[in-house]
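Can you read through this structure? Questions will come right after.
A, B, C, D, E and F label the chains in the order they appear, each numbered from 1.
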């Protein structure tokens, strides 16, 4: 978060993410990991050393897995039946976004193209948009 | 992050956190877990069921550990010698903040008082302030 | 699996679950963990020692989390768009099953009633049924 | 498990694997991971892309480790002194099987030859056979 | 490491534990965790606060699991067939020691009696003695 | 640890490391992992097989991370304000040592040169020396 946005950040913002549940959720967790994924892909493109690339691939694998985990938590723990009724596209959006962070065709685990990292970020941004709409409505 | 702050969030904000290093860091990761810690402490205070409290204590332990981990990563991987020269209090600030998320006296692992969760959040806010100052200066 | 069923188990049965992807998936992974969850709930009911119960709650938390993880992997990595078209109830089935292994009302993390463990097993059995239908059709 | 074998699977089959202990154990957990190991080795042989191979090696490492873990749990937590008396070869069988999933000569971590994955599966099948014999006798 | 290379390995060499294998093993890893287990049991006995005890039980569970893991690694990865020939009691010694760190009767997961922690330490000391004998002989 | 050093190791050495806190800490945990890191780097230098090297890099990454973790635990959980007063260089020593096990320039994650592994061991030896001085003084 930029310094500026921190200043205007309302104090009520905390939401919920552990499975007590504590009630704190934030799509920023998935977004930060996805930004890491894309940054790794860019570094991979700029460095042909095989050892560096081996490390990049391994770390990208872990970061992509974290993206999947954070999204799964939102899908299962934060979103409730009324949300799925109001946003019927939500199931598919999450399914596609988690696939976009996976090892299948076009997924960030198997691809080193930053465009796949960006596509993942775009889907997380869409989830983020809906998430904050539901928070506003609550 | 609130819906409002998202609107004003500059697009260049991504920083770095994996140890490739990819260059993406964000104190929000520690903050979100600490918000969870405090929320768990509040729920603990409002529920006397021993089984609920046992779960709360266990989950708080894990979330506190995540706070420590995210802070350690910032201290070791993001901050460099010039930062420590400019902010001589930084080592002690991180040492105290990670202790504040631990099992010693006043730490969020051993205490169920939301005041300790808030104290932890305050220290993370101070780290966050310095972090964004260094990003501005970069 | 019983000794009898092993004898009649066809050799082609292996499917896929890692995210290479290797192509091996099996709902048995979620089922075995859920059987463990229900067994823990039954042991909890039969033992009033607070230390035993504290351990039971903690271990049940981990096993429930493993159920969620194995189900999420099936939902994201095994099932593809044509499956979701053919089984339109699949998204909701997975969402409910992972909620049933969680910390919300009626979830196996927050409940020590074996009936919640059985409800979780029933939902996994339904997923298992659809899974093997899609394997037959492949 | 195939659709057919599921139909004939007796309902009493659940056993025990967590360390409460809950009493649910099943060699299928080790077998499924080992099937994944062998499938990864086969995919490795069919794809010369160095990035794909780097991912395959890394994921095979993790899956092999899971095989070792599941086997260790069976050896320590399920099998009791009377079993080791009745099956004096059991210690060595487990020691060899866990070595077969390791990084030494012929282990599935260091080898990409599917024959090593099959050798591991064969040893797990032998453990599985003895396991179900002891369950029948119980 | 092959049996031959062990023979020519200088005796002062740091011992080996990762599964490359790197050749560094040291029973101190299991011992340190077991010392922690016993210290937790002593703290448990001296503090009747139920929240403290809940934390103690949870942490003791994790430390006991680490003891089991470190011992399993030694048994599978360090010890080779010639060792098992020379020390025929070694299999049973490891099986009992890992059970002593488990959740069954007398195991350190289920017991809060420091005597069980000491019994575990005694068995690790015996493994340690044999380990260093084999290192001397190498 | 060599056999010789074990003989001269004072028997009172066991200390504390879990976050109950149990009071058992020992820099040997970081040292053993760092020895593993250096041994992996040496094996990497002696083997040009790309698959072996890919495994070596991945395992070295994990072992380096463990070094960082064990050092962070000492820095936050064992060392107290009076120690930092008496040893004002301690913060920087830990910061440099954890950086030496990282992915930046000269860190053991990004370098395969055993000299970086040795440099890490040297820094841990310095921490170890101070640690035991504080234990003597206690």
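We adopt the following convention: contacts are C-beta pairs under 8 Å (C-beta built on N, C-alpha and C of every residue); 3 or more make two chains touch, one makes a residue touch a chain.
The structure displayed is predicted, hence computed values, not measured ones.
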Shared chain contacts [chain E and chain F, defined touch]: B, D
Contact-richer chain pair (by C-beta pairs counted) among A-D and B-F: B-F
Angle, in degrees to the nearest 5, of the Cα rotation that carries chain D onto chain F: 120
Same-site or different-site touching of chain B by its copy chain E, using the half cut: different
Computed distance of Cα centres, chain E from chain D, in Å: 23
Distance from chain D to chain C - Cα centre to Cα centre, in angstrom: 20
Distance between the centres, which are taken as Cα means, of chain F and chain A, whole angstrom: 33
Averaged-CA centre spacing for the pair chain D and chain B, given as whole angstrom: 40
Contacts with two or more other chains, residues of chain B listed in rising order: 19-20, 50, 54-55, 58-59, 61, 103, 109
Chain-level touch network, classified as line, ring, star, complete or other: other
Touching pairs - complete list by chain label: A-B, A-C, A-D, A-F, B-C, B-E, B-F, C-D, C-E, D-E, D-F, E-F
Complex interface listing, chain E residues touching chain D: 1-2, 19-21, 61, 65, 68, 72, 75-77, 79, 84, 91-92, 95, 98-99, 102-104, 109
Footprint of chain A on chain D - complex, ascending: 50-52, 54-55, 58-59
Chain E residues touching chain F - in the complex, by the definition given at the top: 11-20, 22-24, 26, 28-29, 31-32, 35-36, 39-40, 43, 55-56, 59, 62-63, 132, 135-136
Residues of chain F defined as touching chain A within the complex: 50, 53-54, 57-58, 61, 103, 109-110, 112
